[in-house]
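Read from first to last, the chains carry the letters A, B, C and D; within each, the first residue is number 1.
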Amino acid sequence: MLVVMQRLASDDQVQQVIRKIQELGLTPHPLPGPTRTAIGITGNTGAIDPANLDGLPGVMELIRVTKPYKLASREMHPDDSIVRTAQTSFGPGAFPIIAGPCSVENEEMLLRTAEFLVSRGIPLLRGGAFKPRTSPYSFQGLEHEGLRILRKAREATGIGIVTEVMDASQVDDVAEAADIVQIGARNMQNFSLLKRVSLCRKPVLLKRGLSATLEELLMSAEYVLAGGNRQVILCERGVRTFADHSRNTLDLSVIPPAKELSHLPIIVDPSHGTGRRGFVPPMARAALAAGADGLIVEVHPDPDRAMSDGAQTLNFQQFDQLLDSLRQLAAPLGRQLNPRPAT
Amino acid sequence: MLVVMQRLASDDQVQQVIRKIQELGLTPHPLPGPTRTAIGITGNTGAIDPANLDGLPGVMELIRVTKPYKLASREMHPDDSIVRTAQTSFGPGAFPIIAGPCSVENEEMLLRTAEFLVSRGIPLLRGGAFKPRTSPYSFQGLEHEGLRILRKAREATGIGIVTEVMDASQVDDVAEAADIVQIGARNMQNFSLLKRVSLCRKPVLLKRGLSATLEELLMSAEYVLAGGNRQVILCERGVRTFADHSRNTLDLSVIPPAKELSHLPIIVDPSHGTGRRGFVPPMARAALAAGADGLIVEVHPDPDRAMSDGAQTLNFQQFDQLLDSLRQLAAPLGRQLNPRPAT
Amino acid sequence: MLVVMQRLASDDQVQQVIRKIQELGLTPHPLPGPTRTAIGITGNTGAIDPANLDGLPGVMELIRVTKPYKLASREMHPDDSIVRTAQTSFGPGAFPIIAGPCSVENEEMLLRTAEFLVSRGIPLLRGGAFKPRTSPYSFQGLEHEGLRILRKAREATGIGIVTEVMDASQVDDVAEAADIVQIGARNMQNFSLLKRVSLCRKPVLLKRGLSATLEELLMSAEYVLAGGNRQVILCERGVRTFADHSRNTLDLSVIPPAKELSHLPIIVDPSHGTGRRGFVPPMARAALAAGADGLIVEVHPDPDRAMSDGAQTLNFQQFDQLLDSLRQLAAPLGRQLNPRPAT
Amino acid sequence: MLVVMQRLASDDQVQQVIRKIQELGLTPHPLPGPTRTAIGITGNTGAIDPANLDGLPGVMELIRVTKPYKLASREMHPDDSIVRTAQTSFGPGAFPIIAGPCSVENEEMLLRTAEFLVSRGIPLLRGGAFKPRTSPYSFQGLEHEGLRILRKAREATGIGIVTEVMDASQVDDVAEAADIVQIGARNMQNFSLLKRVSLCRKPVLLKRGLSATLEELLMSAEYVLAGGNRQVILCERGVRTFADHSRNTLDLSVIPPAKELSHLPIIVDPSHGTGRRGFVPPMARAALAAGADGLIVEVHPDPDRAMSDGAQTLNFQQFDQLLDSLRQLAAPLGRQLNPRPAT
């Protein structure tokens, strides 16, 4: 249920509705908007009797939310959400690019990459300090030393940091080092971790699981939103199918329904999505054309020597060419690449 | 194995190589190119002894073809193929659009649609006369009456016809009425039908099966090519996965590997691929950006009254809007919409 | 809609109902049962007004059929169907085994296999004369010579023949040679072929397509039933998923819902389903335990020299061991292996 | 690499090999067997020079392990592993059944269920205290109160406890209350959690992820084994495919390859695997026939009032019928239902 307040409703009236919701044993979620405030309600098992709320002063209308996800749904939040960092913002008309190596390997490489990206106007650097690896014997990331290097790259260049968190015990440290905290595909339904990042103050980049439906992705976003963190960016990164022409099957077809059902921005990872360097540029362009709100792309000074994921990583020159082609497509699609943060 | 002839090789020399291949019990496939002729060889179960061919006059080099598909592979035919109809051509730099209703319903509707499309420069009209339907109780198409109406639309407007053939007994009639003969997804591995259309003189539009790998799609194309019909257009139209956000999962990620492995043009069907009208325009734009060589789109004067597939069909106004947006993207992507036939 | 006649309804009364249905422009399907006759109705696009039929003499009740498949549904035919050949029958309490090589390779091999199978009480011999092959360059079967050899094996040993038909032009010849006509997985939605075999007098073994839902399998069965051939056996033979531990993913979980929704017998092909000889016996036993109504298994005197599918084919000794283990499980599961035909 | 010691090798000789492995910077994993000890080696990035180990006293042979999983592979451990609890054991010839409600709901219900199960000889009780739920608004389990109730059921009846752990912070408490600690399908690649449970002293039941390949399942088992916990039981519980005839697609076909590639026991969860009560008994019987090493089944005194998963849960009478039918199949398959612990 969504309670929409009148344009001129006072703060007191809003507070009165919130208290009434709490008295009913339910959870209010105030959603301030440009012209009016709305208050989402969760926690009900059945329908809520409208009589409880309809007559309160300042209430304009009550809207029933039909989807199992509430705060993530467009029903409750008809306008596109804008997710901001200090460097850029994700939302309508914007197309920020997150780029960088799969793993943080050493300080020299990461700084070199950060400087290159900043020189191209890229606002956000990706790089894994904690790495989820299928094999216990594979390189598991530099861990806290990796976070230190990421912080250093941020200090040296001003670029924002996007890095993954793998369990609750790392959330504080990762959130302190990062501008955006990433939840990996394999943890999309690690509900303990979702609850924990819902308490942190940084935007969350939530990657779609390898066999997650769109509804499940939105339900996982709902965990973060319901915990109080409204800054969620969805990410399509390839799903698992019978097809064997690429490492995963990058499912761009999820973008239009995601934007229909939810107000959250959704970006695309063509690097993991395809697993092949040569397929990244056409799929990155296709993501932009399909209506995605940004990209996360693997870039490395020397991909063939990367400690992980080299085969799907662009070098600097290839990344420059991709950037050129995206720039030409952005204008007719009504998008601005790597905008400054929205005010 | 591919025998590449010298630039100045004479016709006699080409004929001599062909005879030699036949003497070895194998099948020669002459592949004339702009500057030289090559001769593909199929029919061998093991490796061919190069000594048999290497010394013949006019032979420049022998190339081993490693893929199970031979004539469809880029190894045998490094340049992109161009598939021509009287109205347009499919190939590098081109982006023809095939549009029209799912089924031929009646003469008036089809003519009205054909006139509309011609007024927008669309070269090819789609429309099913023989309809593959999951249920034996569903409308199965107007059959030969449908072919008559399609011929009439062609005569009245000059638009080319793309229509499906469902079994061998229909091939002559369909090929006579059509500019492009379509093999539907459910028949992609109907090998009897593939062999039969390999003998017809019209280009073949081969739709990817619902769970076909790229290699299987190319092997099915190989059936047509090996039978002597070199005019094959591949078509991605959505595959079957766990995802439920659209009717099928439109797999645009198959386009870059298809173009890497094969010289055949590949187009996209965003109507069947998504099953939802609102998802067609963004996925059509994404197909163009991903490198597809054209589109096949469902358009109907009044989609909500269409006899089949109404939910995924654009009306004329929606199609106009799509066309506008494709036009703006085509130039930066180096494509020309609906070109006149290549010479 | 299903019209259930009274127990003592006369033939005239049945005929009167049939004529009335025809007058309504619909198709009647008389379904004689042990105690009473029912008449299925298809061809209606909306609901049928019960008033048209309810008052006719001899009519007991009218039952609405809610599934898109009608004749295949348990709603119209609550009892399990029994499909008979001269050698055995498929249905409740029975567990016939069809065995033999993937392809008919030569007369000597086939006769040897037939004699071995008959000595073990196996009622039906499988063997492909027309082979659907992914590659146009692979062995396509002995074709009519293969049919001749199959007929010879039948004459020599009395074993029944199960062999595949690939297109309409072969149906008469295949149906003449075979006791059961097989539709392969790749042709499950070759609707022209389904219509054609619906006219033949032999039972049809309909294999599930590689990505067919249960409803689609039953709709394809409906094509055969609606055309007048009531002798349909379903067959699970592995579907296509992300899993790579076997060639296909044998989906035994389809058996309980198939038996809930339909009265048709369903058998299992563990050879194609797994693609690995060593996995065939445990999956064959699991099929029996899951409630399947029979098996189709690849057996060859010398699998490592088989012209196709050798890796998934049992030799005679391995088949004997499998048979032993099935025999021990059949009794507690209430099944009889390879019964004589039901009367 | 696996170092196999001679039968009569002394402890000193074993220790000398272990020290040598450590000196090489690698990790030794002593694997004592009935007649001889073997020592697995992990941690190497390339091949190990055999000269380093071959000449040491007591060494019989060196075996290269070709799979990416080492300790989980049959190459390193040719005999089937036996996983023991105080109540029963999982391994060759055994078929223990774990049964109980989806969630621990209250003390009365759980005790009643435990008493019923004990009266039927069932050694292990399942019941979730921490519940992974797709929606943040669904019942999340009784948490620590649930653990208390489980401990009480164990004390009152002697039945063993199987319950899920969702994050690292719960591992100590869950391991204290449980005889077997369960990792759910959604956490199969929660590598932080796998590392944490590798340090606990209780057997781990590792459920296959919804789109996990067999190799990925074994790699996740390897995380637990490599951390020092050798007591791992694999569990097939349904995967995600295009098929819609049941909630998941129960993949019994994974059992034969799992037993070929690994020595670990593998059990089946037909309740989650099918999502439908009526499909549980046939699939449970099929699991036994396919070679599974046990079952985990949902049973509840009143499934229609269960707080979660009621539709897939058996009542006591249905469970009794299932048990009867399993008993009749166990003997011919060489399995003993619910054996006492192996010595």
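Just so it is clear, contacts are C-beta pairs under 8 Å (C-beta built on N, C-alpha and C of every residue); 3 or more make two chains touch, one makes a residue touch a chain.
Every value quoted in this text rests on a predicted model; they were computed, and no experiment measured them.
Participant: Going by the touch criterion at the top, tell me which pair is linked by more C-beta contacts: B-D or A-D.
Facilitator: Pair with more contacting C-beta pairs, B-D versus A-D: A-D.
Participant: What's the chain with its C-alpha centre farthest out from subunit C?
Facilitator: Farthest by centroid: A.
Participant: Look at both sides of the subunit A and subunit B contact and report whether the same residue positions are involved, with over half shared, or different ones.
Facilitator: Both copies touch with mostly the same residues.
Participant: How many angstrom lie between the centres of subunit B and subunit D, each centre taken as the mean Cα position?
Facilitator: 50
Participant: When the centre of a chain is set as the mean of its C-alpha atoms, what distance in Å lies between subunit A and subunit B?
Facilitator: About 38 Å separates the centre of subunit A from that of subunit B.
Participant: Averaged over CA atoms, how far is the centre of subunit A from the centre of subunit D? Could you give it in whole Å?
Facilitator: 35
Participant: Where in subunit A do residues touch at least two different other chains?
Facilitator: Residues 211, 240-242.
Participant: Quick check on the complex: what are the subunit A residues that touch subunit D?
Facilitator: Residue positions touching the partner: 42-43, 68-70, 132-137, 166-169, 186-187, 189-193, 195, 210-211, 216, 219, 222-223, 226-227, 240.
Participant: For a test of understanding, state which residues of subunit D touch subunit C in their complex under the given definition.
Facilitator: Residue positions touching the partner: 211, 213-215, 238-239, 241-246, 249-258, 260, 273-274, 276, 278-279, 282-283, 285-291, 325, 328-329, 332-333.
Participant: Which of the residues in subunit A come into contact with subunit C in the complex?
Facilitator: Of all residues in subunit A, those touching subunit C are 211, 240-242.
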